[in-house]
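Below: a set of structures, written as structure tokens.
Across the two complexes that follow, chain A remains constant while its partner is chain B and subsequently chain C.
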Partner chain A sequence: MSGLPLVLAANALDTFVQTLFKALALGSLYALLALGFVLIYKATQTINFAQGALALAGTWFLSIIFMDWEIPGRWIGGPGWVHWFIALLLAATATAVLGLIVERLTIRPMIGEPLFSMAVITLGLEVVIRVVAFDAVNTTPRILGIPWGAETFKIGGAMVAWSYIAAIGMAGVAFLGTWRFFKTRTGVAMRATAFDQEAALAQGINVGRVFAIAWAAGAALAAISGIFASMPPWGPAGLASRDGAFFAFRALPAVILGGLDSVVGALIGGLIIGFAEVFAGQYLASYTGVIGTGYQQVVPYVVMLVGLLVRPYGIFGTAEVRRV
Partner chain B sequence: MRGRPNLYTSYEAESQLMPTRTKKVVLGLFLVVAVLMPFDLPIIDQLPVVRFLGDNVWLRLVNRALCFMIAALGLNILSGLAGQISLGHTFFGGVGAYTAVLMGGKASSNLWGWGLPMWLWLPAAGVVAAAVGIAVAPAAVRVRGLYLGIVTLGLVFIGLHLSRVFPEIAGPGALGRKWPRMELRLWKEDEPFLDFSRDGHWLWFDINKNQKTYLFLLVVVIVMAWMAANLARSRTGRALQAIRDRDVAAEIMGVPEYRYKTTAFAISSFYAGIGGALFASLSVQLPPEQWSLIGAVTFIAALLIGGMGRVSGVLMGSFFVVTSHRFVEEIVDWMKHQAEEGGVFSGFFDFLISTGQGDGGFVSVMETALGYPLPVSALDEIIYGLLIIFFLLFEPLGLYGIWIKIRNYWKGWPFSY
Partner chain C sequence: MLEVANLEVVYNEVILVLRGLSIEVPDGQIVALLGANGAGKTTTTRAITGLLDVHEGKITKGTVTLAGERIENLEPSQIVRSGITQVMEGRRVFAELTVDENLVTGGITNTDRVSISEAHDRVMTMFPVLADRRTATAGYLSGGEQQMLAIGRALMSNPKLLILDEPSLGLAPKLVAQIRDTIVEINQSGTSVLLIEQNANMALSIADYGYIMETGKIVMDGEAAKLLKDEDVQEFYLGLHGDGGDRKSFREVKHYKRRKRWLS
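This part shows the complex of A and B:
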């Protein structure tokens, strides 16, 4: 990763601890993004290529809500970080609404069409949302007002950024929430829909509503992960930037490695890819002459390719049952 | 037989390339127009919006579209015939282009290049790309559906990284390196006997380099399209379509899936390599980022907009995708003039278009404008995205499907079915 601080710790153990946190944090980010992909895939059987664009839209919403309109600061008192989290939730909600609209207009009519067409529709969506969001972001550098900024603390001799802790925490909350959600009535309906749409319909499950919920949740997760990916060690100093739209593509190896339809796979895949990328970046740095600069960014794809050769449907993905 | 267009009495008759006289006539007319197009025809520069159709900037754009068509034909064999999703088509285009520059480019202290002539580097670009396709195939055949899409997407990123590892081939920095010109010569330093990259004089006419390049590319496209159309009705083509429609059933019928998928990858990469090499040569200088994901998405868009699985559809789609922004610009420009000069619709156009600071509207004609109203460049990207969505939702067969509807209307006359 280019944006990570390459502060060398005093000894090997500190370097290791520092790299460990870095890897955990990046892995959590990937897992968050992957979770968004997986939720949408489980319901509608398509990879949503527009996740990155939705993430960019989400960061833009946050900056509008929190910095420009000063919501909720203009109404309530209390510490700034509470405000920021409320604004984060509002931005995620706004993106969820965007996801709902998009799903209703373009995805719902495509149910039953070939996978390829559905996936390409989301590619078209990606272009539209990205261009509109690019133009919105472009006018002024948009500050996100992240409460902990670029601050770090020390564990022994290892430097750890607060953003790392925040990302790990956020991923933990999201995955616990998803786990709980799948135990609720709606969650069971979603699992049934993922298993067999027609059978779910026959049981009286409102499949259209399940789609809507999945897209709303996926878009909200995209917004949250996009915002966390714009934080100092990863993004350019907490600004909403155009790169945000492409960050989601870097999480695709995690989704594929874990298995497209597995929530556990998203978590494990994200962590594996995050660890591989960060540890390769740290410990193979002396071989750049042979493997080229910026090799870390290719590591996820190499890991994914190797993983797929062993298990073609990812580690936790269900193998497709093929009939004649 | 007249009046019963769907009656075939033999297999040969059904699998003909040109089954009807109408088709032959239409194709003939189309070829005549295609050959005459680059020359300044007297009628075109009189028409209001399409006045630009004769100029050199337009011709250069059409040349790009022709290169794009070659590669898109390749993707059509992989996706349209064999049903395999590929987001990595630009990777193979890049392989072809860098093969071309390695073989045909000029060497310097920090660049590699053997300075070989075009009749060597152009086929080599296709062959090397095909070889890479075969090398990738074992991994790609193992995964299916969207998994395959992401694996091929990985190829794009790995390719971009390789271009950084070998600056001797890809050229240093963001500018990239210069590609060999399109010219036919016998050997390295010989005088070229056919030079498509310089103005010249053919027969009794002066002909400029864009027109020359256009004619050369047109010949290549026709040959490649003809080969692609023939492939679709050969044994290989039928096997690929069987795999697309139901792979397990195809295997039961004795179609070796692994071998034919590998073949599809090889042929599609061959096309991509040729298209990539010509495109790079046409563009003179390109950065490695040219062979990115966005390009691969454009290929898929071309296939969908044109009509998947049909050679004519792919050609239409490619032309449309590459040149549409020019039409958008011209239409916006025309609307701007209408708004300024006044007329029946001037109020409406004025409402749509923002001509400067403070003027409201949806589209801004100021080049440097960022944010809202949208600049024209953003508008044509949005239109392009919307078109992908629109065609998939309402006309899954693309432009080809629209053409079929029009044709069937006349074919079935006076009946509506």
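This part shows the complex of A and C:
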């Protein structure tokens, strides 16, 4: 996934603006993916390796709901993009339900067992969901009906894809929503559970319910980010294809860099990684003779490594707040 | 009234920690449960509040009844709803959350807005220190403030019975006195208290009744005033000589401990 082919802008400023939007958009995408990891990690202390598979399931749901069943277009009128967003919400909901089922069957019985076992279970889940989703998607990629397709508009001389704006907007909504949610009673209960499960139980917090909410939210976010990642500039031209299952792992540097348990970290980590990747791709392009091609895929990991050397818990990851 | 009858608790299916423990906490009273490290005081709390699961513990015998209802098989959240809340040993405040958010978690089983805000007001009046620091991160409060927050958090569920597990642990004498007054205040407003302590002096000075526990059993019980005067209790828990009231040296206490065990 190399992003848009380098479109030559008229001058240096236009190139910069164009790269800026591209970086912001890719960063937003990473941040969305990272948020899914963080929500589940915060509640259960487990990296959910099945996020990618859930993302693929989400794109498949969207394609079925929007293209095959023509929901909600068969019932209501109005502009196509409104239909699409409604279908997006439905697909996210369907994936959330899938997440709930998975949590209930495989994660809930593991409460209190070693975290490592739980992480390995999610790895197993990843394989299972991916294989089933592969089978569903099959070898022919399915169309997602993204309303703006690959269209672009111009700011000055800079070409900006509508997908960029959509991804930035979506990330904004998701992060604002999460931030608001964490201030609610349920959100506070969730953070309390993340901090000290036994003490949370002692307050009467239903820890099982907290796990379920985290998984549902994480799965919904996986679906949304999977769908956005399939949009023209990044994904295979608006199709649900098998590649979707692997995209989620590209957000791991963002998660680790930002701090596994920090929502702000997911946002900042995502943006840093996105910027590093896109700007390196744009401005180091003339040195391919020396550094070879495909280096922009490596840049996120280099940034992550350097970041971790300085802050082992990630930029916003909490080591532990404890008064001595 | 809380009744624990003949309770037996086993950890990891092998380690027997409580062996036929029986205590009663009558409504409106303060009952002290005393004992040395490892006697099983915290296990008793876990058994009453449903937290044994977390530690691979199991009740193998006996019952826990609150107002006639068996509660030993309920989930922790159901037990909180039924009216028992505990202040855990070591305070266990949610250090990353603010003071107010900690209080929110305490009132999580309460769904009535009015009653939540009344409980919140009550906590703020009881602990003016917390009222000044409502938006402060709990992890940065002092030990005494954290203990107050932990008690305040427990009060948010309007418990009928409050269990306090070593509330004086690690606090300066002045703060211990303050916590003691708070416990009396809470009790006077109608909440029964089960006070688990190593600080026998403090606990017995405010309790109505006291139990002394050793290796998973009650070895002695009686009115708190009587226990305070009991020679053995004085010697073992208060470090005093039976006659004069001078402090005994630690060395002698250890010797005494080797020589004599509590037996009922």
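What we mean here is this: the second predicted complex is superposed on the first by the 315 of 324 C-alpha atoms of A that agree within 3 Å, B and C clash if a C-alpha of one lies under 4 Å from a C-alpha of the other, contacts with A are read in each partner's own complex, and residues count from 1 in each chain.
One rule holds for everything that comes next: contacts are C-beta pairs under 8 Å (C-beta built on N, C-alpha and C of every residue); 3 or more make two chains touch, one makes a residue touch a chain.
Predicted model, so just to flag it, every value in this text is computed and none were measured.
Once chain A of one complex is fitted onto chain A of the other, the partner contacts of A:113 are limited to chain B, with no touch recorded for chain C.
Of the two partner chains placed by superposition, A:77 touches none, neither chain B nor chain C. Touched residues of chain A were counted for both chain B and chain C, and B has more of them. In the overlay built on the shared chain, the residue A:195 is in contact with chain C alone; chain B does not reach it. Contacts of A:318 after superposition on the shared chain: chain C is touched, whereas chain B is not. When the two complexes are superposed on chain A, the residues of chain A that touch both chain B and chain C are 320, 322-323.
Within the complex formed with chain B, the residues of chain A that make contact are 46-47, 106, 109-110, 113, 115-117, 119-121, 123-128, 131-132, 134-136, 138-139, 249, 252-253, 255-256, 260, 291-295, 297-298, 301-302, 304-305, 308-309, 312-314, 320, 322-324.
Residues of chain A touching chain C in their complex: 112, 185, 188-189, 191-192, 195-206, 318, 320-323.
Residues 79, 83, 85, 139, 142-147, 149-151, 153-154, 157-158, 161-162, 164-165, 246-249, 252, 293, 297, 300-301, 304, 370-372, 374-375, 378, 381-382, 384-389, 392-393, 396 of chain B are the ones touching chain A in the complex.
The part of chain C that touches chain A in the complex is made up of residues 49-51, 53-54, 75-77, 79-81, 85-86, 88, 92-97, 101-102, 104-106, 108-109, 137, 139-143, 146, 153, 157.
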